[in-house]
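Let me give you the structure first, and then I'll get to my questions.
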Amino acid sequence: MGMLVAFAWSEFFQQVVFGLAQGAVYGSLGLAIVLIYRTTRIVNFAQGEMAMFTTFICWSLTTNHGMSFWPAFFVTLGIAFLLGVGIERVVIRQFEHASHLTVILVTIALFVIFNGLAGWIWSPEQRAFLGPFSAKPFNIGGVAISRQDVGVIVVTLMSVILLWAFFRFTKLGLAMRAAAIGPDPSRLLGVRVGWMYALGWGFAAALGAVSGMMVAPIVFLSPTMMQAVLIYAFAAAVLGGIESPVGAMVGGLMLGVGTTLLGAYVDFVTGELELPVAFTVLVLVLLFRPAGLFGRVVVRRV
Amino acid sequence: MRIALRVVGYGLLAAAIVLLPFTLGEFRVTQFTYVGVFAIALMGLSILTGITGQISLGHGGFMAVGAYVTAILSVNHDVPDLLTIPLGGLVAGVVGFLFGFPALRLAGVYLALATFALAVIVPSVASAAGSFTGGTAGILLDLPTSPIGRLTPDKWLYFVTWGIAAALFVLALIFLRGKRGRALRAVRESELAAVSSGISLANYKTLAFGVSAFYAGIAGSLYAILNFIVTPGTFPVTLSILLLAGLVIGGAGSLLGVLAGAAFVEFLPLYAGDVLRPVINAGQRLGFPVNDVDPTTPGVPSVVYGAILLIVLIAMPNGAAGLVRRVGALTKQVYSRQNPSESRVTP
Amino acid sequence: MPLLELSDVTARYGPSQALHGVSLTVDEGEVVAILGANGAGKTTTLRAVSGTVSRAGRLLLDGKDISRRSAEGVARLGVGHVPEGRGILTELTVWENMRMGAYLRRGRAVRADLERIASEHFPWIDRRRGQQAGTLSGGEQQMLALARALVGRPRLLMLDEPSLGLAPMVVQELFRVVRRLNEEEGLTVLVVEQNANIALEASTRAYVLEVGRVAVEGSSEDLRRHEGVRRSYLGY
């Protein structure tokens, strides 16, 4: 049986950690998608390209403007937030009453525009993106664990937890949840629902930026960088139940670990096939459990 | 009267298409051949999206299927080019048909997601299945030759392509009229209503996907022959998106719309810079620090057509009359002879 | 100057017109009822005030023109509208709904006020804070909707068919609370009701709408004795 490669615990842990890091990236982008879907019922196909675009901005800040990573990181989060708010207020709002499919086309148009803009401004060539984490691995019980991977997991989880705390404990967060659940009753309570939507897009864009800036050191920065990640993110969101934030994160982590382990231990699954595997998962979940692992089943008998 | 106008219109169009290659040089003729190829793909997409209201972001993937079938058969198995075309279409059609099965469980958004994923996946699968597909290097086809002495290869391919396009157009008309056409439109209007009037949704959605993929497969086969190389990078996800955008922008659903969309898909990458130039000039005059735009800068065409797509979408009426319904309404006018008095003047 | 003044107000749902010129006033400290059969335009009138329907005409709140304001804008002026269907945010908890009621208010006193309103008038809310609002019974949801609106300390409280689908005892309790708040704190109330009996009992003045217009108006006392009103709406 040549399928399974020789098994070593240390390598297994390394792969798991790597898978968790990948999964954290998928999950955070997936979470961004869920965030927009929960608040505005829109599936934002451009989420990945927006993340890529803002990651380029971070790169530009560090390379052309001499900022060090962490200040650039936070400035980029701010820019991404404003970009998200701006897009919702200027573009998406025009389609308040349009059909679902029209809105999909709008987000696709945004996909195309951001993709093109990135190639135009920064050229389509790949370039290295220096992350904040040193290459020196941690030594845990004799196993070398990548500092990069741990760093990605920590940063992503912290971002997600901060966001969760915002929604759970602040007045604005509550108002945003209210606007998503019942826009009409919320208006009667004085909530400016349109602006709540805009904030949702802002936070989602910022999360996407986190995702992009965390993955860029691994996959190299290029305009097509986030396209595969987007598929994984969709798969994560669907796997977790498209309305479940927790589900998206968990789904992402599962996908990350799953595809990494498959790629490492099953001969047949080369690096290139990891994505089709994720796609197959996506389709299977849509077929057999469309509500995902954590979602509620909405019966659609047609 | 309207019918007569239509016939005259079609006739003029046909004449223009036939005469075109004799008035232009080889390069242009090839470009217009590509327009024909895209027209075939868009016809298929139009059948799917415009009539059944389902959106596909993955038609580049079906084109790739047809292209690889043609490439593999003609290079590895010495099958004559032309024969591979219907085969490419059939294989793509079968893949589409199979895709149609899960498609029945998915509505709107999820289907768009799945087809989008399909478009992203196809290049990966193509390069991974190296033994079949020649991996990343792809397959190189023989240069096309013309069996008719008087026609140069470029003209020959032009007529083959447009001939096939015309035949497929007629096929689409036949397919969409009568019982099947009504059924497909019913699917778009309201799935619930369609089911309750006894139409088997499963069959029709699947059929729509299969037929639509068949068209794309044929387009892909022709593309392979024209391009004489097929690689995983030949049909990127951006092509699938461009096809859908072409359908929307061309005002799809009508024949003229499909042709306009196809021309858009072919010529936009070349002329995007020219479209942008007056905008840039205006910007400069207003004091923005914008440089001259080089149309060959990668990314410019995307920005332009993305912006055009947005403008088109905004300018369409909002509300209940969503974009796809408008497409369906237009399609009704062309493809339905039942109420000529409802139709607009031009096809 | 009346707190609320409507003059010749029209409203429409798309192409069909629902109000054909409604005029009414509500003074501060009053409880005014709007009666009428189904489709008479009662709910639409409230919607015209709260800005949730397309309307035209003169609508003044505290002398300010609200005919062009958005729903959020009208709410911000102090109108608390408990709509038909209650508008409970079902996926939030009971207490989160209450907190949303106080959305427009600022300051430390708000928290204390929330607690006070809950304990004084709706003690059960305290016990069920963490319960998901969607799992409450119809009566409980109506009470919660009322509590939530009160938390916002509205200038004008508008209730749309609060008795709908509720057991008689619950209806009594609800109106008792409303009466108490009006008497003790001067809360101004505009209530739309199909149950004319209880509405006339709880209010000082009332309007009867028919086909989008005011057909009869007067003090609740008088209306209770009015021949036509008795026959059509009071059942005797």
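Order as written gives the chain letters A, B and C; numbering starts at 1 within each chain.
Rule of thumb we're sticking to: a contact is a pair of C-beta atoms (placed from the backbone, for glycine too) under 8 Å apart; a residue touches a chain by one contact, two chains touch by 3 or more.
What you are looking at is a predicted structure, and each value in this text was computed from that prediction instead of being measured.
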* Asked: For which pair of chains is the number of C-beta contacts greatest?
  -> A-B
* Average the C-alpha coordinates of each chain, average all protein C-alpha coordinates together, and give the chain whose average is closest to the overall one. => A
* To do: Report, in whole Å, the distance between the mean C-alpha point of chain A and the mean C-alpha point of chain C.
  => 44
* Asked: Which whole number of Å gives the spacing of the CA centres of chain B and chain C?
  -> 56
* Calculate how many whole Å lie between the centre of chain A and the centre of chain B, each centre taken as the average of the chain's C-alpha atoms. => 31
* Asked: Which residues of chain A touch chain B in their complex?
  -> 43, 45, 91, 94-102, 104-106, 108-113, 115-121, 123-124, 223, 227-228, 230-231, 234-235, 238, 270, 272-273, 275-276, 279, 282-283, 286-287, 290, 300, 302
* For the chain B and chain A complex, residues of the former touching the latter -> 53, 55, 57, 102, 105-110, 112-114, 116-118, 120-121, 124-125, 127-128, 191-192, 195, 201, 237-238, 241, 244-245, 248, 297-307, 309-310, 313-314, 316, 318-319, 322-325
* Structure fact -> Counting only contacts in the complex, chain A reaches chain C at residues 171, 174-175, 177-178, 181-182, 184-193
* Structure fact -> Contacts from chain C onto chain A in the complex sit at residues 50, 52, 70-72, 75-76, 80-81, 83, 87-92, 96, 99-101, 103-104, 148, 152
